[in-house]
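These are the structures, in structure tokens.
Shared chain: subunit A. Partners: subunit B in the first complex, subunit C in the second.
Take a look at the complex of A and B:
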């Protein structure tokens, strides 16, 4: 009985929970001290800067300070040069690469037999990042087995071992010889194989990159019907090769730049040296070299680091996954940046018209290209202004609508309880929701989402009198229009601005929309992309180079490069590019 | 964000806040408004007017929110009549009992009763032109008869081909382009001509059909006798007198002629066509002319005006001397008599006959405007205006007063272009008895 009573009591009575050891990420010692000192010493200075800004600046400073101090603590002595003693090198490598904690680093020790002499050596590389066969055949095999061969070279006696190994033994095409440890380690980090040999104070870094990557694929986002069907992948050298394959021009320079203090992401800056303006190239190089950050992964991040204006909705650098597009823009005198690990190349400078063009425009015939251009501009205006215009007309300018349409709108809105602004914001939001969810949804569920989106939001919302059917048409046309915009980023900017225009239209009708267009055009005319006015060649006007701007002239009429790029070579082709069109007699033959 | 970016940001915020201050000031949702599509004015007690609004019911016109209704159920319009001292006071009164706010921007026609029109409608026209919501291009009608004829006319409008009565007005009043029996008498044109010193305003005549059964049909009110014809042609009628019966009661034909803001007379259908020809606004129309060689038969022609008329005004002995040359082209639609007018030698007979026909008609019509109506409807003053150096000289000339003394010279250039699909009329073959 007592037991039962206790059981009941155990169930219902309050018991103090047992103390449980939980993991807590504790503040660093240095931070705590810093906090106190900051409050006492630096507070008067910081108040001047403003509260919000001080929040950002202080924390970042702290971490940097403490981070660097940690680094110093961890690395007691840093070897700058490769030592002659291999054990010293091996010890340092083990420490540097955290062997054996680090699982995927391979440190292979072996012996080289040269003229009855045994020299110990070691290989170091990351498993999975290298091509194992290459190491076996081209590095280990000659060093371990073929070193004994009698090499018929008279000068052999005079050479020292290091040169002998480099010149005669390692049968690999890309070998870097260096005395500096950091240089070798950078190579190892990027899929290289480090070779250290006892008795010499240099090391070899062989390029044996062999990691798994995507093959060159069809473009996913910039699909064309006519034209090349290749797109960039994540490998830098594949990407540069794709461009070189198209351009085949020794004047095309691919300068290497590495960005990120820790990631050291290799980038390639491409330009055609006798076309692109030197100051433009210098400016791009300056911006690329002056990025101080730890890691950078994608050109999407790079774009944000080097663009002129951060808060402007319109992008100022074009990102494309098509090598042919990059190539054609390089021939205009622009500069491209390709980054290892990113399938998108950045091309700069960019003007408004570049965003309205698709790669296909150049490949289809003159009348078709112009039809597409006109369609695109209409699509842009629709996706930008249509919801705003709808709100403006239905709220302020009833006399503008044809009577029949007015009655149709009136009848369809009769039982809708919301004002038309709320109605359109509900629908636009729903549309954005479908778009975002459709992107993130796992592909097996994709069709379900489409059905739910189309059925529930389209049909049922109308049946439930939440929105009017005419509004569904407006939103749908807007959505279709926004997909007709060839550039993803530009489409994004219009998606944002569309809401602004709805807001302005709700406040002041056409007056508000006009105001918005006015401000937007001022903003666009004011913007610059790498020193080139964004609205060039229309605002400011330039002398020539209108052949492929808003409309596209026939290809044989496109003689000049855009004037605003100030290229070294302004002519693309002679005045008469179709020499056959002149009769032989006139040509004087 | 540096201070560089701060400045435009603040400016934008300030602008947006200024805009927001308006607080959607005159924003009105479509479904919070009611749209009258026609307005009629009759004479009320004393100084007041009797105003009739024809209000479209959108759910009936366009089908309900569920879609597909097609406006089948019930009347698509409702009427309300109010007596008020002025247009706007009347609208205010109507707003008290019509649940939604009146929005006049979709008004298609403005109808004045004949009584009101003969008294003068300047004050109403000015009010309509001044009002922001009234469309300047809504049509101006004068309902014939006495009493509340404007209301009677509006209530009689029962469009059958359109679910939307507004569309009925638009279609029926723009039919002058292919009938020539009415004219583009928008309020803005009316106002301009009313205040103009070189021309006089016109309005379309409207009435409801006077015949109930086809047995009642007669042509007693036709104007053919005045013109010295033996039988009426299609243009010899005014609205309400047309020999027709049917479910569509409302009729539009002819023009009301104004002198200043007062109605002084009427044009029948034919005179309206001639008026359009003098203006150069005649599109194309089927016109019947008597057969020159066979008195009992007529020749219907499809007449077009492809060139503007040549108009010339001179002052001889202090009196205006007006010369007009009208250019017309025609296709033959039918030749009742079967005479081979298509042939080169006979076509001139038809052409000269048609020229005579129209010259006679124009002469009669112009003399009527000058002597009977004393109103320059064709706007010959515009030709006169160019002869003066200053505006003051022109206004001092007082053209409107001089016009009734005008002498006219009319010339018609008539060309038959195509005989239609038949190159020759072949007689029907049969035995003598059969033919008789």
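Take a look at the complex of A and C:
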């Protein structure tokens, strides 16, 4: 009851809007690089809190404190720094990695002979995540066998053991030296190998990742006929290398960020530093760094953490599996985020037009690309509005159908007992069901589903007079239209909105559809993706950057980067990019 | 929060064009035909020129107050009371017009294809659209207007161009219609068709860097004058005089005579989309001006709480007239006759006083020096 009262109050009473920090991508002149840290943000809010609220917060803090202290009591006492005593380190590692309960962790103890002294040491790694040969040849062999070689370096006498091991013994290219236990353990968790040596208070973490992974494959979802046929896989560095391979530009920066307090999933934030707007880069970094969660697995989750508006049906970040597409968007001044374990990269900010484009648009010639784009827009309108229009026309606007067609529709609907709304909702529901089932069904049963779908929904439904044949055509065309949408997420949003339009058309015909379009456009015009208006460059209209938006200009005409991205370098190419044409003319003269 | 909203020239022009040209699809052509007979189009040109002249005077007077809106000028003249009086006059004026237009749009839609739906249901649809869009503020509304205006323009061009085959030159004869007196003297109050121009004087705070409302105003009056003239000319060329002054939905009638081949004989329902879209944008814009002016006049921090009550008041008011005939009468005899008093009359008086006061104050300070 109390909830109901609150709900009614929430709907009708005015609530003062909460002051919310909204990020807006500002123009270059007024650009301020404000990398607001979390602490600074929180402190003024705390000061504002009233007495009663402060009492509450204090109590909740107390709770948290007590909760965490309980946790600490249950857990083992944490060692912050590596101890000089190796037995102490080994004991701690055993507890921390639950040895011997944990089956896949390997703790190998051995001795090193350094400067005629025998020192005990150990190394620890996860079996299966590392390359065993690397450990054997580059870590164990030099430490165990080659350490007593006479190294011809006079300086070695003066070096301490830790430096000697690091500089002379471990013949591996990526070695991290640290005093902090957590740092070493993080490396071990991510396919590293920790080396602890008695008598020194530092440890080594060698990067020996070697787990099994999928090789770089053809893209599964964004298929093109012309253009590169490579897609991302689940390995972060492979993915960054795929992009670097395309861009070959030292200004391409791949900043490392780790997300997830427990999973510490490594991510890479990519941008071209002399093109991308600094405040945009800072904003993406700020959002990434301020995600507080324990585990994160895929960029699909990351997208939901950093997007501007959760309720809006339209996605605000583009997810792509094509390195060439990411590279081309980076050159426009956008920022990409790649996550270890996810074969999809996120690119932001995104505008409505980005979702209507496919990777192929840039690779095929200008007239073909525009034909494709027009087809796609028609497909979108079909998938969004066709069922709604059908309902509107059959219920409200019979007069606009030519008489012969009207007869045909009415004759086919004569024996159908349902009103057209129910009819279309049944069919759309069945279609969505087939689509979902088709995705989830084990592949051997796949053909059965096709037969059931085609037979039951196609023929039997018509034969049984449940739906009219015209409606089957409407639903089929709608379905085909939705498959032509290049972005998977956008297709989803239209699938949801289609039902809204059917509903609106059922209650008010074309007026309802117009109402829907109007509200949707207001909603889209109000939306922002990382400070960039979602409907840019059409709403608001910007000065330049129209060459590759709704239609695509010939490639030599695409001189400017989109204005709404406020890039540092606005020019893509000079006014005359096909210099040969110019020089030929001159020669002719 | 609201003051941060800034939009560009194109958005402003789109909004203003919709604010003025929307009447083309309402009763405007038959009103013009009613008052000047076959010379309705000449009267439109004449009225546009007068509106342009009046606007030039206003912009000249306004030039001393760049970046300020009408309420600021009211405050400059008469302090808080001045601001509140100006605000209330504008609010009442626009609320009256919008409530009548709300009903008119609903009635038109009802006649076009919802003959069996109750009128309050249709009013509700428009009111709901207004509430939702104004809730998001003027920024998305202006952007949507800028996106939709090409489609609306294409629709109007299709109607006008498609009816060319039905043009009959003798329909606009005699050229001067019911006589030059009716056009040039009797037609003077018809400058009220530009009453929507008052909104241009509330736009400067949203405009950011672009302070030159003069150019925008001239452009808007020229474009809308051309559109209205061409629209009414096409209408008068198709329908002969006595008929043309008696139709309730002149432009819809025009779209009904369209025929593109055998298959597309009755495409007028498509124009229902354009009709209702124009209506939704126009009415939402009107509602925004009402709540914005009201909140600014009374120095309220937020305008959002006003949206729902004002929308309810407007839709209630719109349901008071008994029939479409009464609505058409109010539109023709009151709005299109007297709304110039607020748009041009009050603005001119206010700006003149403000200008004089500014000069006087300026003079005092100069003498003081």
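We take it that the second predicted complex is superposed on the first by the 511 of 589 C-alpha atoms of A that agree within 3 Å, B and C clash if a C-alpha of one lies under 4 Å from a C-alpha of the other, contacts with A are read in each partner's own complex, and residues count from 1 in each chain.
Basically, a contact is a pair of C-beta atoms (placed from the backbone, for glycine too) under 8 Å apart; a residue touches a chain by one contact, two chains touch by 3 or more.
Computed from a predicted model, the values in this text were never measured in an experiment.
Participant: Could you say whether A:510 touches subunit B, subunit C, both of them, or neither, answering first, second, both or neither?
Facilitator: Touch status of A:510: second partner only.
Participant: Between subunit B and subunit C, whom does A:538 touch in the aligned arrangement: first, second, both, or neither?
Facilitator: After superposing on A, A:538 lies in contact with subunit C but is clear of subunit B.
Participant: One more residue to check, A:396. First (subunit B), second (subunit C), both or neither?
Facilitator: both
Participant: Go through the superposed model and pick first if A:519 touches only subunit B, second if only subunit C, both, or neither.
Facilitator: both
Participant: Touch check for A:469: first (subunit B), second (subunit C), both, or neither?
Facilitator: first
Participant: In the superposed arrangement, which partner chain does A:14 touch: subunit B (first), subunit C (second), both, or neither?
Facilitator: The answer is second: A:14 touches subunit C but not subunit B.
Participant: On subunit A, which stretch or stretches are contacted by subunit B in one complex as well as by subunit C in the other?
Facilitator: Dual-contact residues (subunit A): 396, 399, 508-509, 512, 515, 519, 523.
Participant: Across the complex, what residues on subunit B touch subunit A?
Facilitator: The contact residues of subunit B facing subunit A are 1, 5, 8, 12, 15, 19-20, 22, 24, 26-31, 33, 35, 37, 56, 58-59, 61-67, 103, 105-106, 108, 133, 135, 164, 166-167, 170.
Participant: What residues of subunit A sit close enough to touch subunit C in their complex?
Facilitator: 14, 16-17, 396-397, 399-400, 402, 508-515, 517-519, 521-523, 525-526, 533, 535, 538-541
Participant: In the complex of these two chains, what residues of subunit C are touching subunit A?
Facilitator: On the subunit C side, the touching residues are 1, 7-8, 10-11, 109, 113-114, 117, 121-122, 125, 128-129, 132-133, 136-137, 139-141, 143-144, 146-148, 262-270, 272-273, 276-277, 280-281, 302, 304-305.
Participant: Quick one: which bits of subunit A touch subunit B in the complex? Just the residue numbers, please.
Facilitator: So the residues of subunit A touching subunit B come out as 311, 394-396, 398-399, 403-404, 406-416, 419-420, 463, 465, 468-469, 504, 506-509, 512, 515, 519, 523.
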